[in-house]
Amino acid sequence: MQHLIDLNSLSPEQLYEIVDMAGRISQNPSHYAEACKGKIMATLFYEPSTRTQMSFQSAMLRLGGSIIGFDNPSGSSVAKGESLKDTIRVVSGYSDVVVIRNPNEGAALASSLYSKVPVINAGDGGHLHPTQTLTDIVTLHNIKGRTENLTIGLCGDLLNGRTVHSLIKTMCKFKGNSFVLISTPKLGLPDYIKELLDEAGCPYKELTSLHKAIEELDVLYMTRIQRERISSDAEYEAQRGIYILDAKKLEAAKPDLCILHPLPRVDEIEVEVDDDPRACYFLQAEYGMFARMALLVTMLVKDSDIGTTEKEGKVKITVDSTKCLNPRCITRKEHYLPNRSLQIGEAIACEYCEHRI
Amino acid sequence: MQHLIDLNSLSPEQLYEIVDMAGRISQNPSHYAEACKGKIMATLFYEPSTRTQMSFQSAMLRLGGSIIGFDNPSGSSVAKGESLKDTIRVVSGYSDVVVIRNPNEGAALASSLYSKVPVINAGDGGHLHPTQTLTDIVTLHNIKGRTENLTIGLCGDLLNGRTVHSLIKTMCKFKGNSFVLISTPKLGLPDYIKELLDEAGCPYKELTSLHKAIEELDVLYMTRIQRERISSDAEYEAQRGIYILDAKKLEAAKPDLCILHPLPRVDEIEVEVDDDPRACYFLQAEYGMFARMALLVTMLVKDSDIGTTEKEGKVKITVDSTKCLNPRCITRKEHYLPNRSLQIGEAIACEYCEHRI
Amino acid sequence: MQHLIDLNSLSPEQLYEIVDMAGRISQNPSHYAEACKGKIMATLFYEPSTRTQMSFQSAMLRLGGSIIGFDNPSGSSVAKGESLKDTIRVVSGYSDVVVIRNPNEGAALASSLYSKVPVINAGDGGHLHPTQTLTDIVTLHNIKGRTENLTIGLCGDLLNGRTVHSLIKTMCKFKGNSFVLISTPKLGLPDYIKELLDEAGCPYKELTSLHKAIEELDVLYMTRIQRERISSDAEYEAQRGIYILDAKKLEAAKPDLCILHPLPRVDEIEVEVDDDPRACYFLQAEYGMFARMALLVTMLVKDSDIGTTEKEGKVKITVDSTKCLNPRCITRKEHYLPNRSLQIGEAIACEYCEHRI
């Protein structure tokens, strides 16, 4: 049985397969209108995300399937102190696929250990958000016509931006891509992602000015400064509004620049930009629905080998006694979880949250 | 593409068309069981209203369609500070029709400016609630057999009663209707509605006693004193319970009186009245489902011209710099919205919330 | 029109019929995939219970039906002070079956007085929870192959455990069953249930040690100490953790012991037990879905006579002026409800909550 925990566990070929499927579906949706008829998707959202949840729900409904789930833990058994394991064991008995979003890092992998049906990671804390990245790839494939040889600018919160980390990991699998990292030092890209870029031999530079960076970009990926991921409000106020994209800044940009944003935005893109043909973020949200339809069809309909938990270039450590020290790791909350760590080059990392041990 | 923001934008003919459709559906629901198959309705409820939301949901489900949405903004992207525009742009990419309820006046019209699919106004603050009025018309058509030559009593909160304002606007389009306005001076009908009655040459009188008024009525429309629309609790306690309909008061009423209430009621109608054959408010709720089925079929299935935003007797002002001063107007919250105002006779009004400028 | 308020109102034959149906459905679910097509189930959950709600929802969806409802009263008309009667009258006009969970005892019976469609009791306070019991019976029938001649241990909170009371009432209808009641004196089984055991001539003993009891059991039914039903936190802390089932205690148990738990569990069963073949509680949750499918098919599809409100050996008292004094009875909250009481042997009991008067 297969899961989608980390897009990284897919080969470029597998990824292309889903991207192609998304294209075919968007061309001819009625052909897929009953592809998942009689199947039930459970959406277990332990933190709010209407965007992602509605995208999955409309995807499943457009495939003829149906939906159960919650978006409001206080109204759920969780309020009675139920463990993640128990919730997953029971809900996977009711449904054909489980989509989970959880504030703890590694929660999706943890769920996959106990689920009777495929698990899709819809975001585990600040860790991974593979279907957002899948959305981004599908969008680039359709708008730029390629996912290779692109100069990709990433702007805003690169420290906590889950979607940014996931996008970088995936894009450096395709040849000829380079990155321009635009952020304040305080919100710069974490070192372990930079290591991945180096390992992949993928060129990148770090800038603090969006204005200076914009002219060379094929793609500009804007991100929200996430209040809920920043400790103090003062810190939040200091960081937000440093990188605001407006019509003025866009004057220096290429005519075929592709502006993306995972949404929701607060004010990092001025509303005036929405009418610029280079603004693709609303289109991106729509491709997100087709990307998720493609994923569901691939996982539920055609028997596929996506989402192998084996990760290339990583050696699983079987007998294992090392506890993860990351306070946000799911293993710190759900104590019955077995220790699982990976050897990545020299380093040892927790398999759940991928923090170095 | 068409929306339903204000029932006022429909001609009596268009209105009758929907009313007839509601009748045909209620006679033969199975005939329409797959009319909206494969279509998705998004219900965006920014304030609670189980009544309205369930009525829309059952309507769409009984037409074979499906549903996404939220009723709990704290669990939605709104909690992350997303603008109405962004939410609508994205959700209208997932769905075939958007049903919106929002505490800000004009929010539905604002949504229609950015939606890719039809928008239905399910209540915008104290402003409009067209599908409730549609429900009322369908109910009168079926129970009284006519929507003309009726003496209609309206009792309770006529100041804040959105449904009352909307019902009056619509009923004065039909010939021979007259109104009896029953309320305390503090909760009397706003002047701009009285102006409409005068413009339409529609007779009305204002009374403070339900007892005195009841004997001449064909229809008695009771309303709830809405706690959430009244500033102080003291004020609320003072107003509620002044007009309570009981078996005693009904003794003076006509045998074929039709008692309506938009529901939910608190205590403005005694429970003992429920068993009186003249009590039609539960039946009214059921007609509400058929009215919404008719609306969805008309908007989504047969290509119709309902809901033109052109309003009869109102001249759109194109180049426009006048800001609306109504603190509850959506334009005060969503600053990117273009100014839009209308010339109505002598006066200028904001097109969103219709407040005189 | 029929309801399911109390499993006790079913004869063993009627119960078997549903149990058999559940078996047929679990063997061949696709045969029933459209049994409830075009039908709508309303789930009115006035207190959180994801487990029960999702089980009902997946049951209805797997029968091809659809769903409306709420799980969050603050987001419902209830927040506007609507009575249970009004909610039921309106919602039963939108739907084909109403599933209600409410913290007040007797709320389901009260609902059935005003509903236009069948009502299913999904838990009314600490009173009844018939579909959990139905789940338990279906599980025993499938795992033990019988519901007779079983030695059944019940452990934990026997005072407040709604599911325990309901299970005992039902199991003593089948011949040859005996009970071992394992609890602290503070959380012992209420006297009126013991009276029922005596009336049914059903042997039972009370023990305080799980260790001593376990070896003779065919079935061990563990329950959660329900924080929300115990007054003080101190009291809760004192009671919980007294009866924790672990691998050690299981050494003395029969090899074919069947361990059940209504779920959610907190820590009354150690996680290590989950991998023991005798642990059946997750399987039980799955049978719960099939049990509910069988119930819905029986109530909505084949015209059945289940759920007669007549209760064997109980005489309804028609003219009735005795008010119930149980503070948790629905009649204390919804004052329009008619008094209803039953003569049970010598005693008189409120028909809503069954408290002796």
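In this document, chain identifiers A, B and C correspond to the written order of the chains, with residue numbering beginning at 1 in each.
The rule we apply is simple: contacts are C-beta pairs under 8 Å (C-beta built on N, C-alpha and C of every residue); 3 or more make two chains touch, one makes a residue touch a chain.
No experiment lies behind these values; they were computed from the predicted model shown.
> When the Cα trace of chain A is superposed on that of chain C, what is the rotation angle, expressed as a multiple of 5 degrees?
Rotating chain A by 120 degrees superposes it on chain C.
> Regarding the chain B and chain C pair, does the interface count as same (over half of residue numbers shared) or different (under half shared)?
different
> Centre to centre, by mean C-alpha position, how many angstrom separate chain B and chain C?
41
> Provide the list of chain A residues touching at least two other chains, using ranges where the numbers run on.
Each of 66, 72 in chain A touches at least two other chains.
> Which of the residues in chain C end up touching chain A in this complex?
Of all residues in chain C, those touching chain A are 30, 33, 45, 48-51, 54-55, 57-58, 61-62, 66, 71-72, 224, 227-228, 263-266, 271, 274, 282, 285-286, 289.
> Show me the residue ranges of chain A that touch chain C in the complex, using the header's touch definition.
Checking each residue of chain A against chain C gives 38, 40, 42, 66, 68-70, 72, 74-83, 85-87, 89-91, 93-95, 336.
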